[in-house]
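Dropping the structure in here first, questions after.
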């Protein structure tokens, strides 16, 4: 304990993921006095074709105009 | 807010995922008055070798008889 | 399959939750041809003291000015 | 590692939860050789007003006929 | 994006939760360049009767000897 | 119901996953009297570059000394 799940749209480098694990673990230790060995963190890198925001897939939202997915349902 | 995680056994096309994101976002807006921009949706396509139902992996349950995984534990 | 988890900041009425379950199940059936009986949905109503956005607890962000939590870390 | 989340519709007794934790930990140790101390398990008891299956809240599905929630959306 | 879920055994004060939200959001901004407004964080405070580690409920593990739950399954 | 998510650092064989699904389903049936057909289990095999424990990525923690990731933040 505690267990932390971090879902990111897109990917991160190994170094970025290592820094995030260090930051979040430090917060658990400093704020809650947790034993760092018990802090488990999972980082899920989610494809922008699988992450929706504002009613659209992020892949569509960020696609160059013209080749975005036809407006769903219409 | 809100955050929605959808776990599917197997995969879906990009168009299907876009339609699902639109449907679910519409529900949050119409039923709860949420701001669509704040609605985050993650779709996780889970291999049938990693999805269990009825005590079996779906990959085994749906495999042609004869090459299914030997009944676990026996 | 599929399994859907919906996390809301604050609460919803039973009728709203029932409507959301109907909407999301309908989307799984219409878009992916899923069997409605296999569609499981969990709605988690999260206190605004446990939901953070923009670096603040929503409870603090939405609190009347003056009694908001002192800016964390300062 | 590993981390296991178990979502139940309704509640379970403390003894049932203890037995489930023992069973699931034993499986991780026997099947994967995991160190039991590293196996974290969270059991979430979800109200039947927050758990949907077959397009309905379980609370409505299991309610005595006559006082179930009006069919959503109609 | 991103979405972060933090599960704690036991509870935390509002100030601790606010500090954690600030820390974790800062990490997303500094390490990944994320827009803080898009960073959603949910903190789940899990009863020690619902959190298992090392094959036991934490409530049993930390209970004064003598009234701990009878060893499950025996 | 119930829905179980199992996150593993690293991977497991199909046979191991099948055995785990059988074990965990059996526990739900024996301890809670659940209908096995309603028990859904998802096993997520997480790369050790995406799983943190003790403030480090497991990939770094278990890397042969000398080529581990430079200590984050320094």
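Labels for the chains are A, B, C, D, E and F, by order of writing; each one numbers its residues from 1.
The working rule: a contact is a pair of C-beta atoms (placed from the backbone, for glycine too) under 8 Å apart; a residue touches a chain by one contact, two chains touch by 3 or more.
None of these values were measured; they are calculated from a predicted model.
Common neighbours of subunit B and subunit F under the contact definition above: A, C. Repeated interface, listed pairs A-F, A-E or C-F, reference B-F: A-F, with more than half of the contact pairs matching by residue number.
More contacting C-beta pairs link the chains of A-E than the other of the two pairs A-E and C-F.
The geometric centre of subunit A is 25 Å away from that of subunit D, both derived from CA atoms. Taking each chain's centre as the average of its CA atoms, subunit B and subunit C sit 18 Å apart. A straight line joining the Cα centres of subunit C and subunit D is 18 Å long. Across the assembly, subunit A contributes 1, 3, 7, 19-20, 23-24, 26, 40, 42, 44, 51, 53 as residues in contact with two or more other chains.
You'll find the chains touch as A-B, A-D, A-E, A-F, B-C, B-E, B-F, C-D, C-E, C-F, D-E, D-F.
Across the complex, subunit F is touched by residues 1-9, 12, 16, 19-20, 23-24, 26-28, 30-32, 38, 51, 53, 58 of subunit D.
Those residues of subunit D lying in contact with subunit A across their complex are 1, 3, 40, 42.
The touching residues of subunit E, counted against subunit D in their complex, run 7, 44, 46, 49-57, 59-60, 69-70, 72-73. On subunit E, the positions that touch subunit C within their shared complex are 14-15, 17-26, 36-37, 39-45.
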